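Each of the next two complexes has chain A plus one more chain, namely chain B in the first and chain C in the second.
Right, the complex of A and B next:
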């Protein structure tokens, strides 16, 4: 399925026109995108480093993971909303950028990993989960979200 | 916490999680390895 017509439509849509015409609005969207990405990265790191027993060792990992997940969902929502706004303004350019597609792949993998793999497992008492599973899952989670961030930044330099 | 029992058997969900996690890490290492070697090749062509 060719998605180019959709991207061309997105660039000429109201959202794309606002982003392209008003630099200040685009800058606000980009700032919110980066701040929410930082929050998302923080929740991922605090959860995964706790699961690896590297920080907050005096706080139960269930407490850390559950509280961080609430903020993760909020940050993810803002990242997606501001990301759609930013991409709409330069949609055709994004379509031809391989790192945009790498980022989208990593983002979808990250969302699927969190909601289909990580959260269902972490709903169990953590001491009932094999430590190797917990640690490898935490490593994989950090690797995925690193890839989301790194490919996202690479878009700007390609 | 999770250090309490290192020898317990893994159930199916844990095995699936472990396999997918290893798959993710290996895929990422290969992907970033290819990207980094591409950059190194380009730098070599540009600066010798």
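Right, the complex of A and C next:
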């Protein structure tokens, strides 16, 4: 299925037009995107470093994971909303940008990983999960979310 | 004086080479931006704890103490990469009104952080287990969030040339940006 017509429509939509016309609004969208990415990254790092026993070792990992996940969901929502706004303004260019597709792939992988694997597993008592499983999952999580940030940054360079 | 300093930095061959190196410059910039996840990510969690919006069941001093090291590592990387970015484009950056505002906000944020830590260490034993920090510290945490929102926004705006000196600017903007008549 060719998605080009959808991207062309997105660029002429109200959202795309606002982003194209008002540079200040677009820049604020970018800033919100960056700040929410920072929060998202912070919550991921706190959880994963705790699971790897490298951070907050004197706080139960269940407490860390549950608290961080609430703000992860908030940050992810803002990342997606501001990301749609930013992409709409330059949708056709995004369609032809390989890093855009790399980021979307990494983002979808990240979301699937969190909601289909990580959270269901972490809802169980953590001492009932083998430490190797916990640490491997934490490492995979950090790699995936770093890829989301890195590919997103390189969209602007290509 | 700032303009002279910028021109002096610009005269280094390494500055030009860094600016013109597609991969090196972009890696430095990417590292600067991605380290936000470590530095600001930790800072946001500490501020949210003080405001009573996260980790309310964990003593505030424990959150602040444990997240301080990774946060400081993040800020150190950001300072180093930030200096490199300035080193690569010194003249335009010096004359960017956004860079100037960002720099001022960074100074205010640093003072706020110092005051925050001082006040927290002085009084934490009396409220450490409370879900919400005392008002003075909550104000500091909220101010920290606001200042960093401003720093990220002005940092992002440096890339835009709306108020660059090569354009016709009002006297106020030209003065604030430090535009030099050549």
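Methods note: the second predicted complex is superposed on the first by the 158 of 158 C-alpha atoms of A that agree within 3 Å, B and C clash if a C-alpha of one lies under 4 Å from a C-alpha of the other, contacts with A are read in each partner's own complex, and residues count from 1 in each chain.
Quick note on the criterion: a residue touches a chain if its C-beta (ideal position, glycine included) is under 8 Å from a C-beta of that chain, and two chains touch if they have at least 3 such contacts.
Everything quoted here is computed from the prediction, not taken from an experiment.
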Which superposed partner A:147 touches (first chain B, second chain C, both, neither): first
Contacts of A:28 with chain B and chain C, given as first, second, both or neither: second
Contacts of A:117 with chain B and chain C, given as first, second, both or neither: first
Which superposed partner A:13 touches (first chain B, second chain C, both, neither): neither
Chain B versus chain C as contact partner of A:92, first or second or both or neither: neither
Partner contacting more residues of chain A (chain B vs chain C): C
Footprint overlap on chain A, comparing chain B with chain C: 146, 150
Chain C residues within the chain A interface of the complex: 22, 26, 29-30, 33-34, 36-45, 48, 54-55, 57-58, 62-63, 66-67, 70, 148-149, 152-153, 156-157, 160, 162
Complex interface listing, chain B residues touching chain A: 1-6, 8, 10, 13-14, 16-18, 20-22, 24-25, 28, 31-32
Residues of chain A defined as touching chain C within the complex: 23, 27-28, 30-31, 34-35, 37-46, 49, 55-56, 58-59, 63-64, 67-68, 70-71, 145-146, 149-150, 153-154, 157
Interface residues, chain A side, partner chain B - complex: 51, 53, 60-61, 102, 109, 113, 117-118, 120-121, 126-127, 129-134, 136-137, 139-140, 143-144, 146-147, 150
